[in-house]
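The following pair of complexes shares a single chain, chain A, combined with chain B in the former and chain C in the latter.
Moving on to the complex of A and B:
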C-alpha cells in the first residue's frame, strides 16, 4: 500500500489543485482551535436535529451519528460536467436494459449476455414480464457510486438501482456547512442542492398511473427502526407526502388505499424504501410483515406506480455490472463516458483461477452483497482471512466477482491528528421520470480510518459535503 | 392524515402532559415535606405519586420502604418504571420520531433535546445538580413544548390530535388525583368543613400539584376547605386543570375533527353533567363514586377516539 494516491486537494507536485485554491488559503489562515470548535458544533447540530443512523445488530439497533467531516469535497464545473453526463448515460442505459429484459429480451437474443445469468438470477422477477411502465422507467432514483483514481479517471463502482440511500445527508451536510462556514460560501460559487426534494416529487408525479396529474404519493418505510428511517421521515417532510408503513396500506378491488383519520384514501404512487422481497407477502416472502398483501396485483393492473420498480435489482447485480459497457453500447450506441472497474467474473474459469492466485491483491465481493458486508479487501486482510475467503469462493464461484484494489483518491479530512488525507468516493443521485436529471452534488463518503478503503457507514465511514463549483456559464445552464 | 400518525401524535402529547403532571406532583411533595412537620404525620405524602401512577406495588417490590429520595429516583429516572419521567419521555420521543414529518422542527427538536439531556441522567446525577433545579427545568421544557406546539404548528389535524392528547391526559390526571386525595381525606376526617392542620397541608399539596392554589384564593377568598377544592377542580370552567375545563376543551377539539355521533354524544353528556350539577349533589352521590364514574367515561371517550380515527388493523 505504498503507492501514491491521487489527492483531491494537492497535485503530485505538491501544488494546490485549482478547485481547492480558495479553500486551501482559507484553511491555512484558520486556527486549529476554530476547526475543533466547528467540528464539535457540527456534532451538536446533527444530534439535536436527530440525524442518526440505526446500526443493525444487538438489541434492535442503536442510534448513531454518521461521522460528519467539516472539510468539503470540492469538484470543478468541468469535472462535474463529465460526471453528470456519465451518470445520466448510465442510468438511461440501465432503464432501457430493464425494459428490454422484461419485454423483448433483445440483448439476450443477441448473445451479448448469457440468458441464464438473467433468467436464473434471484433479482429477476418474472412477474414483471410484459408490464409496461410509465416512460419505461424502472430505476427512478439511482445512486451511482463513483471513485476517482487520477486527474482524468473516474470509475463507476456500483449502480445502485434498488433503494439507494444517503441523499438526506447530501442535503443536511450542506445545511450544516452553511451554518458553520457562511464566509466560505461567500467566497465560493457552490451549486445549490436543496431543490432535490422538489425534483424528486416532480419525478414521482411524472410516473403516476394513467397520466394522473394530481397523484397521491406516499413514502413506504419499513419503520422507525430501519437504518435509514431518518432519511425516510426527512424526505416525506420535505415533499409534504405521507410516510406510511405496510400496515397503513391495503388493497381493495385492485386499488391501493391508505388508512387515514377520514377513512380510506387512494394511493397512486409509492416511493418505497423496502426491498422487493418484502413488498407483498402474497407475491413474495409470505413471512413479511412490512408489505401490503395484494400490492403486486394492483401494480400489475397498472393502478399504482412503485418507485423504484419491482425487479430493477437485476440491473445493479454485480455480475451484470461487468456487462455495463456493452449494455450502454447496445441500447444507446454510444461509448461509455465513465469507465467500469476492470472486473473478474468468477463464473468464468480463467478469471476464477486468476482471482484465487492473486486474492491478496484483489477486492472480492459477493454478487448480491451490499453495504460493505460479505466482501474481502485483499491487501487489508490477514493471510488467514484470505485463505478462508478462498474456500468460500471455491464453494460457489458464480456468487463472486473480483476487482483490483483501486487507489481511491484521498481528500483532506479533519481527524484527531489535525487535517490528514482519507479515501473518498462519490454518490450522485440520478432521478428518472419524464426526464433524467441530477442535482449538482452528491454524497461523498469518507473512510475515517487511516489507509482504509471501506467508506460504508455501516463500517464506520463518514460523510462530507460535496461542492460542485459553478462555472462561468452556470447561470445560463441552470 | 394517517390514522397511525394521529395515534402517535395523540400519545406523544399524552406522554408529555403526563410528564408535567408527575413533575408537579414530585415538586409539591418535596415542598410539603420541607414545610411542615404536621404534613408528614400519618400517611406518607410520598405515597401519592405511587398511588396515582398505579405503580406502588412495583415500587415496594424494587425499593422496599417508602422515602422521598427513593420515590424521586423511582419516578424520575427508573427505566423499569413504565411511567417514570425518563421512560415517558423516551416514549414521547419515539411517538414524535414516528411522526416527525408532521411536526415542525421546533417541536421535534424540543422533545429530542430534552431527551438527549435526560437520557444518561441517573438520580444521583440529578441530586448532584440539585433536584429542585431539575424539576423546574423539566416544567419549563414542558411549557416550551406546549408553546411551540401551539405557536408553530399549522392549525390542522396534527395539532388537533396533539391537543386532544393534552386535554384527555389532563382530565385523567385531575380525576385520579382527586380520587386518591378524597378517599384518603374521607377516611381520616369525619367532619367535613372544619380542617385539621394536617388536612390543611394535604390540601395545599393537591392545589399545588394541580397548579390551582392561586385560583382557589381568587375564587373563594376564604380558608381552605375540602368541599371547595372539589368544587373548584371539578366544576369551575375557568381553572385550566378542572374536569369541566378539560371536558370543554375536549369537546372543542373533537368538534373540529368531525367525529362520529357516538363519540360526540359521550362528550356532550359529560359536559352537560358538569355544567348542571351542584357540588352538594355530588357529595350526596359520593365524590368517590362520581370520580370513578367520570374516569370510566373518559376511558370510553379515549377508546372511541382511537376507534374513530386511529384504527390500525
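Moving on to the complex of A and C:
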C-alpha cells in the first residue's frame, strides 16, 4: 500500500473501512483468475457499446477506450450526504455570482473581488450584460471535481461550469458493473443513477423561455470529430431529443428553428456541447462554421435558452476559484461545506515568488486551462520540465495559479500485478433549473499509473463505477 | 443640430449566394446628447431588432433566397446637442470593462512608451489634459491615409506603419489610454464634416473620474461636437462593426458604400 495516502478501502490501522466491508470480503473470496475474466469481459462490453474518447496529441487523435476498472469506488450514505450538500451549495453560489456579475455587480462594488479580475477577463462576456435568464441559472450542468485527502477532508478542485463531460461513463459504467457482478448488487444497497437523463431533461425543460411547459429541446454537438461525440449521441438518445449540428438550426424573426423533413420546427432550449466561441459566427468567432448565425439575437430577445448559458466560463477561471469561499458567504450567507484547495494566485507578487521558488513541489495550472492540458505537476516532472514551465509562468504570471500537490486518496484498482492502490477523484454532476439536484453517484476517475496524480482521461486516466450506499432510511427510487 | 443621414451599402456578387445573414449596428443610440427621429432600415428580406450587451440597437437581417445583390439602406434624422464632448456619467456600463485589451487594441512596448512620454501630465494637470495631449500627439505622429490598413489591423501594426484611417486612430488612442489605466471605448458613427471619408466615422470615449465619458476624435484632433452622431459603443471595431455578415454560396463580392450626412437648415 502507498504510504501517506488515505485509502478508500483500508484505514491506517489496516482495517477495512465500513463502506467496503462487504465488498472486501467478496474480493478476498474471489480468485484472481475470475477477476481477470471479468476485466476482459468488461473490455468487450465497452467495445461493443462503442464508448470511446478521442485523445488529442496522441497518434493524431485516435479513438480509444478509456480504461475501465472493475473495482468500484464506494461512498457511504453519510459521506455522500456531505458531498451532496456541498456541491449544491457551490453551484447555487456560482449561479448567484454569475447573475450578479452580468447585472448589478454587487460583489465588485463590495470590494470582495478586484473588479478588473472580472471586467477585463476574457471569459467575461459583454454579450450577457443585462440579460435575465429563467430562474437566474447559468450553469445548468456542473461537474464538480472533488478529491479526498483524509477521512474528513474533501476538497473541490474545479467547478466545471462549461459543459462538463463524462456523465455517459457514470451511466455506462453502472450498466457494465450490473452485468458483470449481479451478485454484488444483491449484497449492497447501491443508489441508482439511471434516472440521470430523465432529471437532465426535466432540468432543461424547467428553463424553457417564458415558462413554456412543452418545450422542444435539442442537443447541439460540434459533430462526430469531437472527443465527446459518443456522449452527445448517447444523451440525446436517452432523453429522446434531437441531436443537431449548427447547420440543422436557423434563426428567423428572432426565433430558432430546426430543419426537419416535415418543415421547420421551433426550438426552445439548446443543450449545447460546443464552446461559446462557436455558437454564433456573427457574434463570436467569425470563422466558425459550427454555430448558428443569429443565435445571440434570439437568445437576447429571450426566445431561446442555451444550456449552459453563455458567459458562465468565468466561473471556471482558476483565479476566480480562489474567491469561492467568499462567493459562498456573500450570496448565501453560509459557511462553505466543502473546502477549496489552498491556492496561490500568481498575479500576486508574494505568491509568484513563492511558486517560482517551490515549483517542484507544486501543481501549476493555467487559469483558463482544462482537461489536464497546460499544467505542471511539480513532483512528477523533470528538472528541465520545471525550468521550462518557470519561464512560461514568468512571461505571464496572471495566467497561472499554483496549488500544493494534494495527497489524493487511493482506491484499490485492478492492474497487471493484481489489485493495487491508485489515486482517484470524483465528479458528481449537479443539475440546476427550477431546483438544484444531484444524482447519487458521479464519475470516479483513476490514475492508472502507479504514483500518478493526473486522473484526466486525456492524460491516460481510467474510470470506475461509483457506488453511493443507501442509508437505512433511504427512499427507494427506480 | 438637425442632421439628416442616408447610408447605403450595396453588395454585388458575381455568383449568387443562397442565403445571407447579418448583424447591423446602424441605428443611432438615444442619448442625452442626441435624439433619433424617423429612422428606417430597408433592403434585407427580414429584419429583427434586438439590443446587444453594450446597449446598442442591432438588427438581425436575413436573406433566404438566391440573390446577386443586396442593398442595405438606413436613413433618418438625428437631433444633436452640443455638450462639449461630455456624455452622461452613467449609462449602465461599468467603465472598468473598457480596460480589456482585445487583439485590436492591445498595447505593446513601443506604443506604451509613446503613451508614457505624456503620462507626467496626468499628475500635473489631470487626466483630461493627458487625453488632449495624447490625441494631439497621435494626430502628429500618424498620417491619415486610406488604403494603408484594413479593419483587421491592430493598433500596434498601425503604429509601425504610422498611417491609417479613423478606426485606426481610435484603436491607437484606446491602447494609449489603457496604458495609463484610463477606461476607453470605441464609438462608431457619423460626422457632418471631417477628415477622409466624409461621413462614416469612428472615434473614442474615455472615462474621466468625476466627469464621465468624454469623447476624443484623434483623426480630427478634436472632441466630438454636435456634428457627431453616435451609432454604437463597444471595445473596438470588431465589436462595434456597423455590418457583420455571413453567407452561404456566392462569390466575387463588390461593395459600394454611399453615405450622405447633411445638416438640416431649420427655417425660422
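Everything below uses one rule, namely that the second predicted complex is superposed on the first by the 468 of 478 C-alpha atoms of A that agree within 3 Å, B and C clash if a C-alpha of one lies under 4 Å from a C-alpha of the other, contacts with A are read in each partner's own complex, and residues count from 1 in each chain.
Please note the rule applied: a residue touches a chain if its C-beta (ideal position, glycine included) is under 8 Å from a C-beta of that chain, and two chains touch if they have at least 3 such contacts.
These figures come from a predicted structure and were not determined experimentally.
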Which superposed partner A:69 touches (first chain B, second chain C, both, neither): neither
Considering only touches as defined above, state whether A:48 meets chain B (first), chain C (second), both or neither. first
Using the superposition on chain A described above, determine whether A:125 touches chain B (first), chain C (second), both, or neither. second
More chain A residues in contact - chain B or chain C: C
Tell me which partner A:236 touches in the superposition: chain B (first), chain C (second), both or neither. first
Just chain B (first), just chain C (second), both, or neither: which does A:158 touch? neither
Per the contact definition in the header, classify A:465: touching chain B only (first), chain C only (second), both, or neither. neither
Kindly classify A:145 by the partners it touches after superposition: chain B alone (first), chain C alone (second), both, or neither? neither
Given the complex, residues on chain A that touch chain C span 105, 108, 115-116, 119-120, 122, 124-131, 251-254, 281-283, 286, 293-294, 296-297, 300-301
Residue positions on chain B within touch of chain A in the complex are 1-6, 94, 97-102, 105, 108-109, 112-113, 116, 157, 161, 257-258, 309-313
Flag every residue of chain C that touches chain A in the complex, lowest number first. 21-23, 46, 48, 50-55, 58, 60, 62, 64, 92-94, 96-97, 99-101, 234-235, 239, 244-246
Give every residue of chain A touching chain B within the complex, in rising order. 47-50, 224, 229, 233-234, 236-237, 242-245, 247-248, 250, 258-262
